[in-house]
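After this come two complexes, each holding chain A, first together with chain B and then together with chain C.
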Partner chain A sequence: MNAIFSKLTMYMQYPFVRYALVVGVLIAFCSSLFGVMLVLRRFSFIGDGLSHVAFGAMAIATVLKVTSNMLLALIITVVCAILLLRTGQNTKIKGDATLAMLSVGALAIGYLLMNLFSNSSNLSGDVCTILFGSVSILTLTQTEVWLCVVLSVVVVSIFVLFYNKIFAVTFDENFAQATGTKVELYNLLIGIIVAVIVVLAMNLVGSLLVSALVIFPPLSAMRIFKSFKGVTICSAALSVFCALIGMLVSILGGTPVGSTIVAVDIAAFVLACIIGKVLRRWCA
Partner chain B sequence: MKNMAKIMGVLLLLLTVTGCSKDENMANRVSNGNNVDKVISELIDKTESENNSIDLEGEASIKSKDDSEKQDQIPQKSDDVTMDVDYDLTKMSSDMVYAMVFQLMVEPDAYVGKTFRMKGKYYPVYYESTAKYYHYCLVEDALACCAQGIEFVWGDGSHVYPDEYPEEKASIVVQGILETYREDGNDDYLYCRLKDATLEVINK
Partner chain C sequence: MAQLVCQNLSIGYDGKAILNDLSFSVNAGDYLCILGENGSGKSTLMKTILGLQSPINGKVMTGDGLRPNEIGYLPQQTMVQKDFPASVREVVISGCHGRCGFRPFYSRKEKELADKMMEKMGVGHLSKCCYRELSGGQQQRVLLARALCATQKILLLDEPFAGLDPKVTGQLYELIDELNHRDGITIIMISHDINIALEHASHILHIGKNVFYGTKEEYVERGAWHMLVGSGGGKE
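Now for the complex of A and B:
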């Protein structure tokens, strides 16, 4: 135990480790807040679709040799999220089909572009890093860290400021519209926020594992709590805890960051299922 | 719910067994991106190894003698405690070493003059513009899909390549002082390397 603690103390002396932990916790916190709403609205797969779009955007940024890949990915993913939500209702190709089409299309085009135009000596490494996160979180530049912090603050502020409206839109869209809430505007806002979260979370777990960060904590929280507030608070706490444990295990054990965090999330889900079952029997 | 819990248990077990594996084959599989290239390179390797095996049979006894002499010249890993090391990367996990070397490349000025000790694979590179061999200690991350290398100058640089150096991809431990330098001529890049480095080959 002492050896682990001394190793951890040694690692904490490095600024990039401290940055990674701060950014990781912020990303996990943001993703879990909006994850609750996505799961409740049956939009769990939208994070996955947008993350593939972000992969395509990252590929374009790499090919164009843009200085800040994250910024370009952010813009393209937000535009796609808006298009997805705007055209989802009145088109011949309906919601889930549009999402699936966009998802696989972006993934394929992204990989194709990287294969054709990237002059990197380690193409498979570049692709692997974007898809699975790898060590992205440990190699953030100071600008990227600040961008993550600012965006996280914006996301949390929006959630806190519009909590009541988000709650109303999540549970009963028609009722919210009838009471004068601008549902379309809030849906658009939610779409943009989800796109921002997806791009941020790509740094932590990679584009293929983003959904896990959005879905697992709310689902785990729902096993134990039943109210929206309870689920949101538990989901946020659980997500931060799992991300922190996952990152520490990864740093100490040398395992890939993204998949370790997701493994901890899965373990938390199993534990939450057991706790939920015990609580139900106890209360019954 | 009972079934769900069982399924999740099995999935978790599978993930633990496969996801966190440090199996070399697994790492190689992840690092190979293009399957067509993989098949072609496997075929080339197979053909080369068949040709080499015929040529090498006669030379085998001579080569093994040369190798043993060469290994005698390179210090093997000892249990000696390293002295005055500012950053001992041998105690870090592969991801952390990768991240640390990445930081060195991004902000070299913050680390110039510090002594580093690191473990990795030996890679020599011939650069045509300067007509020189450069020697690297290469570190891969946990997924083995990304690698960062740091150049080192063994001792005063008088060691002769390839006679005195280890085999390519040999596991090595290098300790040296970080310095930055520029090549003469039109090359404007700033390079980092470990000077006055000691070199140890790790027996696996």
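Now for the complex of A and C:
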């Protein structure tokens, strides 16, 4: 125990480890807040699709040697999110197909571009990094950390300010619209924020595992709690907790950050299922 | 001007009209009952009035100072996700969000209103329960409480009595009467029970092959044979 502790303190002295922890916690927090709503609206897939778009954008940024590839990815992903939500609002199936097309297309084009134009010696390593985010969180620059902090603050304050609207629009879109809420406006806002979160989360767990970060904590929380507020709070707390544990384990054990966090999330989900079952039996 | 005017309205889906050339107007304080067979387009008409779908032709106008956020609505079916975690109280108070505008949180007055409406609909004791675990009738009452939270001027109800027991149905009719008479809230209600509709409503809109719009008295005068014979005679 003591050995683990001293090892941790040793690691904490490196600024990049501290950056990684801060950014990881923030991203886990944001993604789980909006994850509740995404899961409930059957939007889980949008996280996947957008993250592939972000992968394509990252690839383009790498090829073009843009210095801040996070910013470029952010812009492209937000634009895609807006386009997707505008076309896919009324005709659900069409929107779904568009999303799938975009997601697979971006993945293919992104890899192709990297293959053709990258003169990096370790191409598969680069791709793997983007897909699974294995080391990129440990290579964050200070600017990226600040960008992440600012964006997280914006995302969380929007969530708090629009919490009631988000509930109304998610629970019953028709009623919300019939009683004078600008549903389209909120859908747009939600789309933009989701895009921002996806790009942020990609740094942590990589493009393939973003959905896990968005989906697991809300699903676990929904096993135990029955009110929207309860689920939201529980999911945020759970997500932060799992992200912290996952990152510490990965630092100590040298495992890849993204996969470790997701593994902890899965464990929490199983635990939540059991707790939910027990609670139900007790209450009944 | 009337609170709600429908002018040469044609409604339907995907450019195919179900109902053509519908014109009527609803004044503040009216109690309009919409009658018609299954599939005649009652719900579609209501959705068009609410702006949930656009009319194929003609227009819906609101007047008399009626703003879109002053409408209460009870849908025929609410397709709520089976696994949606929401307590009864959260659902009911979400009816108030229209009146908030851009204010992010509910005021004390709105919280009290939600509590009052829950009591009124007899679901006060369920306020902490999970909405999706209620019975169909209980869910209906919760949604009615939500609609009552939303409205100050006009209430649109799509078959509000589906799934309610006789006692609650009676109470609900009284409640709607009270809202209509005492608070002056305009009621537009879809119903299948002609007798009760005739007892409570002031105006009748009968849609189907023949369209009738007029006061209850006019409907009684010409409505009976009009419906039985099923041809001609109805005034627009």
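Everything below uses one rule, namely that the second predicted complex is superposed on the first by the 279 of 284 C-alpha atoms of A that agree within 3 Å, B and C clash if a C-alpha of one lies under 4 Å from a C-alpha of the other, contacts with A are read in each partner's own complex, and residues count from 1 in each chain.
In the analysis below, a contact is a pair of C-beta atoms (placed from the backbone, for glycine too) under 8 Å apart; a residue touches a chain by one contact, two chains touch by 3 or more.
No experiment lies behind these values; they were computed from the predicted model shown.
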Partner chain(s) touched by A:162 [first = chain B, second = chain C, both, neither]: second
Which superposed partner A:211 touches (first chain B, second chain C, both, neither): neither
Superposed model, chain A: greater residue contact from chain B or chain C: B
Chain B versus chain C as contact partner of A:32, first or second or both or neither: neither
Chain B versus chain C as contact partner of A:187, first or second or both or neither: neither
Chain B versus chain C as contact partner of A:235, first or second or both or neither: neither
Which superposed partner A:14 touches (first chain B, second chain C, both, neither): first
Common ground on chain A, meaning residues reached by chain C in one complex and by chain B in the other: none
Residues of chain A touching chain C in the complex: 40, 42, 160-165, 167-168, 171-172, 174-181, 222, 225-231
Interface residues, chain C side, partner chain A - complex: 47, 50-52, 67-73, 75, 78, 80-81, 83-87, 90-91, 94-95, 97-98, 100, 104-106, 128-130, 133, 146, 150, 156
Touching residues on chain A, where the partner in the complex is chain B: 7, 10-11, 14, 16-17, 115, 122-125, 127-129, 132, 134-135, 138-139, 141, 250-257, 259-260, 262-263, 266-267, 269-270, 273-274, 277
Of all residues in chain B, those that touch chain A in their complex: 1, 4-5, 8-9, 11-12, 15-16, 19-20, 22, 30-34, 91-96, 98-100, 102-103, 106, 141-143, 145-147
